[in-house]
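Presented sequentially are two complexes of subunit A, the first with subunit B as partner and the second with subunit C.
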Partner chain A sequence: MFSTFALDTQVLQRDLCTGCGACQGLCPYWDSVHGRTVCYFDCERLDGRCQRFCPRMPTDLDALRRKAFPEETILPEIGPFRGLYLTRAADETIRAGAQHGGTVTALMELALREGLIDAALLTRAQGTLDPAGALVTKAEEVRSCSGSSFQIPPSLAALNRALREDRYRSIGVVGTPCKTLAVYKMRHDPLPENDNHAGNIGLVVGLFCGWGLDWDGMRELTGRYADPAAVSHMDIPPSKYHSLEITAEGKTTSVNLDEVIPLVRPACRACADMTAEFADLSVGGARSADGWDVDKKWNQVVVRTKKGQELLELAIAKGVLECKDVPESGLDKLKKASLGKKRTAVRTLREKDGTLGYLEPCGQMFQDL
Partner chain B sequence: MEWTMTANDPGRVCLMQGNEAIVRGAVEAGINFAASYPGSPSSQILGMLGKIARERNFYAQWATNEVCALEACIGTSLANARSICIVKQNGLLCVADALHCGAQHGVKGGLVIVTSDDPSAHSSTNEFDSRFMAESADLPMLEPTNMQEAKDMVPYAFELSERLRQMVIIRLTTRVCHGRGNVTLGPLPEAPHEIQSVGEWDRMVCVSYRHTPMLETLDGLREAFEVCPFNHYTGPEHPKKLIVAGGTGCLYSQEALRRLGAAEETGVLSLATLWPLPETLIARYLADAEEVLTVEEVDPFLERNLQAIAGKNGYRIRFSGRGDGALPRIGELTPDLVLSAVSGLTGKPMPPRPKVSEEPLLERDLNFCAGCPHRATFYLLKRAMRRAKDPGIVIGDIGCYIMSGQEAGHYAYQACNCMGSGVNLAEGLGQLTAYCLKQQVVTMCGDSTFFHSILPGLVNASYHNSNMLLMVLDNSATAMTGFQPHPGTGITAMGDAVQPMQIRPVCEALGCKVTEADPFDVEKTAEILEDLLRQPGLKVLIMKQPCATLMTKSRRGKVKVWVDQDKCVGDGCGCDKFCSRVWGCPGNSWDFTKNKAAIDPVSCVGCGVCAKLCPAGAIQVEGGDAK
Partner chain C sequence: MERTIRVRFLHPETRETLMVDLPADIRIGALNGVLYDHSFVYPQKPGYGFVICGHLCGAGHTLEQYLTPQAGEVEIQVFGMPQIMV
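Here is the complex of A and B:
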């Protein structure tokens, strides 16, 4: 099947596209408009990077992770695991502009400063809305990309462009689980005739993700509660709060989650990865007995690879990150939450056509869910 | 060839196209006035008339549309002028109202309408058989079977028109227009026909009580047509098997009978007087016939009428032709098709057909010329439509850009009706956007079509503020039919320089919000287009870039476009022949030896747009100094 037809029929038409941008920045055929992936013209190639990289094309996740991670590190619920940490940026100014503890910002600054990476693919969201992929090469630029957006931008398009240019030897990528999966596909399952210089991806930091939201709907919803241009922060506190918090001009408004749920990107309901299992490190909001007021300024970090371990240890050693003890139940809670997302994905996919859809090649991973 | 149009050399035999034969006939008839709107296959007629008008002391005009052309001719007829109006089949449909009203009030000076039908719609959107218009309006119609008749029929038609005080239609078809044949020139009049003052009591008024005298005139004409010298019969006196042919069918049938060796026993009645039909003449040859094959272009018009005449006379005849499948229901006649039908009629076996070549002909889609600005326009439009959350509705219109409905324009539009209809289809859909239709509505027209028939629709759309975008593809030419002048070009059919009409102020005067863009400036124009699509209400976007053929003429300096094949990705991932396969300009070629893109230097006109779009930056443009 032609590449563009394959993605259109197997991903876009099935409401599976996450908008990650993995298919973009490579050719004149794919692009993105306000979070929607669009195909301008048909490509008649039978195989291509777009369909190879797409995290929602049928993928044997089990085979892929065996290629990338030592088998003994893999936990069925949350993927490769070398340790769980609660961390935050030591620098208070980082934390002030961060989503939670500023761990990712601190780590990427450090990685750039130490020369572990020579560019970082981040996401820059002006006032949390209409985010875009941003490639930065200096540690000082990283902070402009702090904070999260609930609109998923096609930032991998910027990564693809950077890789194509072949100007950087070690690019650090930060992204949601769909993006980090795509990055691992780029590295471990490249198009034989064109590896897209994927060897120049030097570090992958995953972001925990529940779901992304519809771009237009999000802008409209935000507009109902605040001036979209003035919004500085958005967050979704633990489930018992059942709310989305919108902070604008120092004032935080709590929006009932019922208003937000209809805006969830349908593709995200079919996503089986909450913790960004394909990454060197995965970072999310902390959950502890201290309660939300404390947790919201901390992160939990899953270390997945040796490289991730080294970076985290370096950050702690250099005093860039602060740590605190992880509660005993921390890992179990994380596993439980992760399994919950996997169950939703399996249910969503089965409702479509009775199969596991893009997860079918590794169906045994999900058979008990 | 033009000297043959005006040479006063009676008896000289010249090789002429059918279109030229019509021109020569008009000159021999001493016309005073000629008007037309270009339409294939008869576009050349007025072009040639315009060139010789001064020399032969008549007026020739490329009118803004066919209605203007015919009605101007009707006007001049009141002053006893001999006028000729040239239209194609769609043009004849366009003038239907004027034609029917004119038929009722009649004419004073001779008025001949030359209409050209395009069987197989080679250069049209549809087939149409203009003979039904003669029947409907009760107007005399003639059809030549060769170039000589085409020439001779014009003076004959003028005399007939003046004798009957009625318009006369001459029907041509593509092969007659474009085919060539020997024509013996007739004498040229010393002066054009005499123009007379319009008298106080001269009348050409369409009123219903004129219908009866008009029909009586036609009855009288039937008798004249019984002995018309343009109707021919060859074959046995009382044929059992008869071919009745009109137009091209006559020569095709004679050739088929010759090849089958059946000319002796088969009759061929060639009819030039299509309306009213010479019923007595026809009945004479039908009387003993057992089988009749009708060979005619487009519809079974003669066939049905022959059946009626046979029925009226109580003849029992087996009829075949387009109506029964002996000949195809649609499409142009070919000698081979007629041969097969005549073989069926005569029972003579088909002669063996020599094979010309084992190699299949390459199939090619219709495409825009190299460097055509429309290619860039439709590239941008497709992208804009794909970018829209609710992909919009695109309505086509008639001009070169009709090809945008095919691969050349990435299958741009969902609907396309007749010339000038786009703005109206879009207007209606645009109103529905206030009634739950969520899509943007876009339509298009060329600069010639804009003046031809868009204006009333634009008035309507503007007055009712329809939510739509009209793209005027201003390439400064009536390109599809061969660069005839139109009101935007600043030149007339007779070569006079005049003040060109500007589309922008015309639109603005109608209350439209007008934006101009250059389709070759792809990046900027993409933004403009997307921005306009977001705005409510009526928008006009003038895409300004001259037709490639004009552009290359006006450019100083040579442009060299070439492909850096080291950079070219070819059919690899990231390109997949984007220039030659998607952009699709004939100038973008493919180097099969290296599997890389190439530029065909013969086709390429150096517009350089492909270089802007090449994903690998492999296409290089050097030189060039476009005015």
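Here is the complex of A and C:
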């Protein structure tokens, strides 16, 4: 099947495109406009990288994770698992500009400073809007990307461009689960005759993700409550608050989640991965008995690989990260939340055509949900 | 064994349909002959265009290049304009 045709009919037309950018930066045909993936021309390539790397083309996730992780580390609910930590950046100035505890910023700075990676593929937003992929090569540049944008940018287009240059030997990638899955597809299922040098990806840090939001809708919604250019932070507190917090000029406004839910990208409802299961480390907001006011300045970190373990231990040993005890129920709560997202994905996909869609090749992973 | 595809053609004007079983490796350009044999459309030079899922197919391509390996059927819209002016 032609690659552009396959991607359009199996992903875009089925509302499954996450906008991650894995299909972009490889050829002149694919592009992104305000978070929407567009194809300018049909192409005659039958097995292109665009369709191979797309996280929403049919994928045997079980086979992929067996290739990438030792089987004995894999937990059915949250994927590869070597430990759960509660952490935050020790440096207060990192925390001040970060989404939660600044763990991701601190880890990427450290990895660059220590030469564990020679470039980092991050996402930089204007305040929290209009995000774009950003390739940084100096530790001092990492903070300019701190904070989360809930619009989904095609950051992997910038990764593909950087890989094509073949200049960097170890690129660190930070991304939501759709992006990190695409990165693992690049690494473990490359096209040797059309190499994109994915072997030069040296570290993957995943972000937990409930969903991303429609690009234009977010701008419009934000504009109703604040000057979009002045927004410095947005966050979604735990579900009991049922709100989106928008912070602009030091003032935080709570928006009822009912206004936000219609803006969820349809593709995110078909995503079965909350904890970024394909990664060395996965990072999200902390959940503990201390409550949201404390938790929002901490992260929970799932260690998935030996490399991730080493980086986290180095960060703790060097005093870059602080840790606190994980509540006893922490792992169970995470598993429960993760299963909830998998169930929603299965329901959404089955409602489309009675099948598991792109998850069909690994249907046994989802049969009991 | 030869792979066969059940094709449902949609008429460019009347929206009538024609159902035919065709070999998966048939050239798109050869679909014109099939339509003429069934008197489904008037023969015209240089033939008709064919649209699958919103994509105008290349006359030299084969039908299976527009199908997943599992597909057993497809809907093809016959495109009325014999030539696209450029």
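Just so it is clear, the second predicted complex is superposed on the first by the 369 of 369 C-alpha atoms of A that agree within 3 Å, B and C clash if a C-alpha of one lies under 4 Å from a C-alpha of the other, contacts with A are read in each partner's own complex, and residues count from 1 in each chain.
By our rule, a contact is a pair of C-beta atoms (placed from the backbone, for glycine too) under 8 Å apart; a residue touches a chain by one contact, two chains touch by 3 or more.
Only a predicted model underlies this, so the values are computations on that prediction, with no experimental measurement involved.
In the superposition on chain A, contact of A:Ala96 is made with neither subunit B nor subunit C. When the two structures are aligned on the shared chain, A:Ile261 is found in touch with neither subunit B nor subunit C.
In the superposition on chain A, A:Glu44 makes contact with both subunit B and subunit C. Shared-chain residue A:Pro28: touches subunit B; no touch with subunit C.
Looking at the shared chain after the overlay, A:Ala289 reaches neither subunit B nor subunit C. Legend: residue contacts after superposition of the two complexes on their common chain; A:Ala63 is shown touching neither subunit B nor subunit C. When both complexes are overlaid on chain A, the residue A:Ala230 reaches neither subunit B nor subunit C.
Residue contacts after overlaying the shared chain place A:Asp8 against subunit C, while subunit B stays out of touching range. Put subunit B and subunit C next to each other and count what each touches on subunit A; the higher total goes to B. Taken together, the two complexes place residues 44 of subunit A in contact with subunit B and also with subunit C. Residues of subunit B touching subunit A in their complex: 382-383, 386-387, 389, 410, 571-576, 578, 581-582, 613, 615. Across the complex, subunit A is touched by residues 52-56, 58, 61, 64-69 of subunit C.
Chain contact summary for the complex, subunit A toward subunit B: residues 3, 26-29, 31, 33-34, 36, 38-41, 43-45, 47-49, 164, 191, 193-194, 216.
Subunit A makes touch with subunit C in their complex at residues 1-2, 5-6, 8-10, 13, 42, 44, 46.
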